[in-house]
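Some structures are shown below for you to check.
In what comes next, subunit A is part of two complexes: it sits with subunit B in the first one and with subunit C in the second one.
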Partner chain A sequence: MLRYVIRRILLAIPTLIGVLLLTFFLFFGLKNPEVIARQNLGKNPTQAQIQQWLADHGYDKPLAEQLKRSTVDMLLFNFGQSDTTGEEIKERIKKGAGPSLTIQAIIFATGLTIAILIAVLVAYFRGTYVDRFGTLLTVVLISIVYVTYIIGLQYYLGKRLQYGPVWGFNREAGLAKFILIPVVIGVVAGIGASIRLYRTFLLDEINQDYVRTARAKGVPEGTVLLRHVLKNAMIPILTTTVATIPTLILGGLLLENFFGIPGLGGYLIDAITNLDFAVVRAMVFLGTLLTLIGYILTDIAYALVDPRVRLE
Partner chain B sequence: MQSGPAADPSATGFRRRAARFRAAVVVTSVAVVLAAIAGAGCSNSPYTPQEMQGKVQFRTIGADPKSLDPSFSYTVDEALIVDLIYPTFYKYHYLKRDPFVLELNLGAKEPVKTAWPVTIKEKDGKTRTVQGERYSFTLKNDLRFQDDPCFPDGKGRHITAKDVVYSFKRMADPSVQCPVAPYFADKIVGWPEYSEAFEKAKEKNYDKEMEGVQLDPKDPYTFHVILNQPYPQLRYLMAMHFTAPQAREAVEYYKDEYPRHPVGCGPYYLSDYQPKQRLVLTVNPNRHKDVYPSIGMPGDAEAGLLADAGKQLPLTEKIVFNIIRESTSSWNLFTQGYLDAAGVNNNNFQQVFTASNALSPELEKKGVSLRKETEMCVYYFAFNMNDPVYGGLSEKNKKLRQAISLSINADEYIQLLKQGNASPAEWVLPPGVFGYDPSFQNPYRRFDPQLTRAKKLLAEAGYPDGVDPKTGEKLTLYYDNTATNAAGRQSVGIVSRMIERLGIKVVSRPSLPDQFQAKLLKGQHQFIFYGWYADYPDPENFVFLLYGPNKRPGPNSANYANPEYDRLFEQMRAMDDGPAREEVIRKMRAVSVEDCAWIPVIHNVAVSLTYDWVKNVKAHPLASDAAQYRNIDVDLRQSRQRAWNKPNFVPLVVLAAIIVVGSLPAVAVVRQRVNRRVRRADAGGEGDDS
Partner chain C sequence: MASENAPLLQVKNLRTYFNTPRGTAKAVDGVSFTLERGKTLAIVGESGCGKSMTALSILQLVPEPAGYIEDGRILFEGRDLLDLTWEQMRAVRGKDIAMIFQEPMTSLNPVYTIGYQIREAMLIHGKEAGAAQARALDLLRRVGLSDPEQALRQYPHELSGGMRQRVMIAIALANRPKVLIADEPTTALDVTVQAQILALIRELQEETGMSVLLITHDLGIVAEVADDVCVMYAGQVVESAPTRDLFHDPQHPYTKGLFASLPARNRRGQDLATLEGVVPDSTNWPKACRFAPRCPFRWQECDTIPPIPNPPASDRPVRCHLYNPAIPGRPDASTVRKEEEARGLAVLPSHDDAPAPASQKDAEVGR
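Right after this comes the complex of A and B.
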């Protein structure tokens, strides 16, 4: 298994470099560095100011040298400074990862737990009105657009019912209350699809031979579901969720904008609109890295929970 | 008959387990509900109790400031912060209007102006002497910077004239990218050479002196600005944060972080900044002594604006700027009483106004007052005067532009796109600027629905009914814009349809802001919509938008150049306000209106909402330091906040009840299944219930 993990990590490096090259060429293929300089300088910059800016940010060097430098820097985690504001990108990421992770991890854990519980419940009552009503409800939940949840629940839970602040993330005023409404929104918005998926996983298992055997032996239905079926259904559930865990620190754009959570959501999108190549490069690199880590973790988790899988 | 279930040991075990499970579910749900109530119970305020109880202003800005460097920052939101940290030689009197009054702030006395001969080197090496001016500025001698780690022992240093001279040098440094540098570049002696030296040198040499900005050899609080031409507008620039004293230590200590670590001497200092979240200004213990004015305009005393007269500024100990990107969120916070003021936008327009455009009674009941202030700005359409079809000063093309000008209906524009919150513009100058004439009516801005005169002018220009006789096809007007979203496209569409009533075809050419700027720079535009906000209340700051030498890359985006206008401009800019200056402005107006390079459309009206617990609210179209004069009735605010923010748990209880009632049949199903299994087991049948 160790050998497999090492091999996977080594394979990840060319993938990372490939993504970096692609980002570089896409960005500079579409935008002339002079246009980037103009966007970042005040209004009506002189040609001298533009040259100065390009020199300050290293965009006046030959393309090959820039490419080499930016790729090597990324692999060494030297993210450098934002082209737009000059702030240290690494500091910004460190500052933003915490709040993003706080919200997203709680949403992830709560959402996963509730979704599995409801899926078990629905599977237990399969074919009855509980199942049918559950299906209807999940389809409704899936059909509603994310922004609607945000605006609707922010208004209803925050403003009408006053259960928590409609905006803010003030550590000194106690974080718990700021997290309440965003977490409820995150969970409600994501839960419909998860329940549908996990229910299918559970029903796939319910029709297996070992379940029939267990029942034949007189094991009660509840025990069958919780002890045998759920355990086996966890394998597909794991594969669909573990990969997303590392990317939780990147946060959610809309939720963070509406609730003023000082996370990383939207950092990349803002950078793209500002033509801030330094940030785009760093965030794309980070996103790729985290996704790759997610996939490796999934494979390891898979081997751990399923004795039939051996990583060689 | 056997009492079946009891006789089956496995069934008893399941029941016990099921009972335990049920108990666990009940306990968990109760815990969750209690936790939710507890969480909700501790107030929905985004602030700490200390902030709520203190004299703190709660405000909002829409995005993180890009820079708080006073030599660079140039946006309205940033100025709200920068101007409180970096005070200047002059400031605008908070209450006086018509005209706006500059009063000494950091300055010890009015500057002394002396005639000063200046030697100018021509390109061919010859020199000539012109009559210039020297202004001598003297600062107060008891000013200190705020305490900051960039100073030895962290204690704010004494301020001298050197710190203002340093700000001038920074403006001349091209890498600082100061937006008002062009105002000085052609007037302050030695500026271009100084600027050039920065470009060439690898190391920045701020020790070198600039010829036109000198320290006084005798008095450490006095410096001189030497100009090669009369420039009375310098006064106003001494009230803009670009000329505020800056500590060289701070710039060199914080380097790239300086835009986020301002070090000034104003009423407040930046005490906390959390990107994407909040920015807090706290009263600066080293601030210079300043008091609330005791004289205002007629009516100010009745409006309660003089209640705090003579009190030491600032009147609140803190200002919290919440960085709220979504207007929905800030509107919700405002209605809960957690923001002192709010703007009006398309999102909340319907909630703010009644059908008759008055403040909604609901808001009025909450103590909200509505303010409408005409901003010192002008929005206009401009033709590129270098364009072969629409540009130039020929009689034919003039008529073409005049015809198009007559087709644009400002009233319709204001109703459809500004919800009525703007006033139609007749010329470049907005109300409040010297030379603005409320009785003036631009003959090419009189809209008539039949477009009789416009069509006549169009025919005289050689395009009867908008058709080019050479090609037999409709004349095309390319409208360059940055409308890449739905709202932008809608506004472009409305204007295009107005012009198309003449028979001309309008083609929209949208591009991203950076490409739009590049297009303007290269002169590849034909017809654009643009706006300008005043830097200072002198007409020069508006009419220079049409001055020939200010063509792109300068601010003259129409590339308009009429020698007569330019001559009048040069005459006007050095004059003192008075009937003579007014006469020159009138002549400039006549020339530019006839040439019709611009179609002035509106002067914007800013609409804002403020709660009654905020005192001393009076908008100033130029000064951004108003927050230091604001006062807060904390008790009133707290009692309102408490009354408006009581959690309502009824829906939560109802939801719980629905879940309980709804799950009753399910519980019955479970019972039934267990019993069925047991009965079957009794009968010796199979236990499958699938």
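Right after this comes the complex of A and C.
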């Protein structure tokens, strides 16, 4: 197990470097550094100003040096300063990670739990009106555009029912109050697709022979579902859960923008619009890193759920 | 009060139907049989004849919502299982009537240990945890696992097919059931392992006095273990008799065809007879005799008049006009005889070597 994890971590390094190189060439393939300098220097900069800006931000160095800055330095977590504001990127990430992670982790855990519970319920009543109504509801939930949830629930829960503030993030003033509405939005927006998928996984398992054996033993139907079917269905559920992590980060961008939460989502959007390569590079690195960690965690979870899986 | 003299399990006119996109499939269509205490009844027939669905119907495990029991009575110790509530029926499953299945490879839950799955069968029916653990170990030893202590902690994928079927038997026997339904218990296993599993079931039956309802397509197995036989075709019982009688004198043309397709010592060198055609579509059984389209003796009335289950000219239930003098156009005995000879149906495998032609010999090799 430990050896497997170490090997996977070592294998993650070339993947990370590959992603960083790709980002580097994509970015400078689209915009050459001079264009970026011009954008940052305002109207009609002189050639000398441009050269000065490039030198200040290290874009005059030889290609090898620049590649090193974009790969090795990232792996060592030396993110440097922002191209546009000069702010220490690491500090900014540290500050923004708290709010982002708090909200996304809670959405993730709550969403997963509720989706599994509802999927089990719907699977229990498969073929009945409960099932049909549930399926219809998930289709409706999936069909509604994400922004609609944000605007609608912000208005209804925040403004009409006054359940919490619709703007800002302040730990001292009571964290729960600030994250309540964003979390509700995140869960509601994501839950339809999950329920639908988990229901399919559960129904796939329900027709397996071992379920028939359990029933023939006299196991009550509820226990059959929760004990026998769900544990087997957790295997595909875990796989798709990891696949939703990038979606969660994207969802975070919009949520944070609408609620004025000083998280990481807005940071990346701003960096892209301002052609702030230093920040984009650091954020891409972070995103890739989190995804890779997610995959390793999934594999470990597999081994915990399924005795047939050996991590070697 | 269930009387001690009443047959243990009696199925009467059972009909199990399925809703399919092509119409109602009458998988089981009026099946009746009786299983006596301590006896083994075999239900024989080819794929799609409804024998597995008959077995699943008894425990009401027919795949829902497509399948349902349309009609019939399933009397267990005198009470009709079809009248029981869901909860009462649950208490019967795995306690009074246990079942083992064809696919030992997939019939155990892959994510739980063997020990857990055996204990669960007992805990559900109210046994105390410590006792369940002790009995689980006992059962594994009894069904012949070489290292029962270790097997308790193993997962299904760590065992071979034969071992898994032994575990299935251990689970089924956990609550000392009165009836064991074995649905093709050896079909997925090697021939040598087949013989071992059959021998095990027979031993356990002698020990516990339970009755066995054996579902199989293998006449060799029937000869080896069954006291009585029901031959099923197209959702109906076409012939039933004590095993010895059936092997000496098969009467229904379908039964004759089954025997003719067996290899036998007294037919050495001849080609094996085959039953032409396939079982008809269960959404659209032939109107009168369901075997008529494949029957070598068929005449006009076979397509118009449904055969009665107990014709007067036979000593046993056999669903065929050949044994009913009331049906016009019946071919005389010599014509039937000629036809049988022409088709290789006449020479029966003698009862001495017909039973279990392959498996018995292999069993000896295997031991």
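Methods note: the second predicted complex is superposed on the first by the 301 of 312 C-alpha atoms of A that agree within 3 Å, B and C clash if a C-alpha of one lies under 4 Å from a C-alpha of the other, contacts with A are read in each partner's own complex, and residues count from 1 in each chain.
Simple rule for what comes next: a residue touches a chain if its C-beta (ideal position, glycine included) is under 8 Å from a C-beta of that chain, and two chains touch if they have at least 3 such contacts.
A quick note: this is a predicted structure, and the numbers were derived from the prediction, not measured.
Asker: Output check: A:163 vs subunit B and subunit C. Expected answer is one of first, second, both, neither. What do you get?
Answerer: After superposition on chain A, A:163 lies in contact with subunit B alone.
Asker: When the two structures are overlaid on chain A, which partner does A:228 contact: first (subunit B), second (subunit C), both, or neither?
Answerer: In the superposition, A:228 contacts subunit C only.
Asker: Just subunit B (first), just subunit C (second), both, or neither: which does A:308 touch?
Answerer: It touches subunit C, and subunit B stays clear.
Asker: What's your read, subunit B or subunit C touching more residues of subunit A?
Answerer: Looking at subunit A, the partner in contact with more of its residues is B.
Asker: Could you say whether A:218 touches subunit B, subunit C, both of them, or neither, answering first, second, both or neither?
Answerer: A:218: touches subunit B and subunit C.
Asker: May I ask you to decide whether A:3 touches subunit B, subunit C, both, or neither, giving the answer as first, second, both or neither?
Answerer: A:3: touches no partner chain.
Asker: Under the stated touch criterion, which partner chain does A:86 make contact with: subunit B (first), subunit C (second), both, or neither?
Answerer: Only subunit B is touched by A:86; subunit C is not.
Asker: Does the superposition put A:35 against subunit B (first), subunit C (second), both, or neither?
Answerer: first
Asker: Show me the subunit A residues, by the header's touch rule, that subunit B contacts in one structure and subunit C contacts in the other.
Answerer: Overlap of subunit B and subunit C footprints on subunit A: residues 215-216, 218, 220, 223.
Asker: Give the list of subunit A residues in touch with subunit B in this complex.
Answerer: 35, 38-39, 41-46, 48-49, 52-53, 56, 81, 84-88, 92, 95-96, 125, 128-130, 151, 154-155, 158-170, 172-174, 176-178, 180, 215-216, 218, 220-223, 256-263, 275
Asker: List the residues on subunit B that touch subunit A in their complex, please.
Answerer: Against subunit A, subunit B makes touches at 10, 14, 17-18, 21, 36, 39-40, 42-49, 66-67, 72, 74, 174-175, 177-179, 182, 199, 256-257, 259-260, 274-278, 322-326, 328-330, 332-333, 335-336, 338, 513-515, 517-518, 521, 552-555, 645-649, 651-652, 665-666, 669, 673-674, 677, 681, 686-690.
Asker: Sort out for me which residues of subunit A touch subunit C in the complex.
Answerer: On the subunit A side, the touching residues are 126-127, 207-210, 212-220, 223, 228, 231-232, 305-308.
Asker: In the complex formed with subunit A, which residues of subunit C make contact?
Answerer: 59, 61, 63-65, 90-95, 98-99, 101, 103, 106-112, 120-121, 124-125, 155, 157, 168, 171
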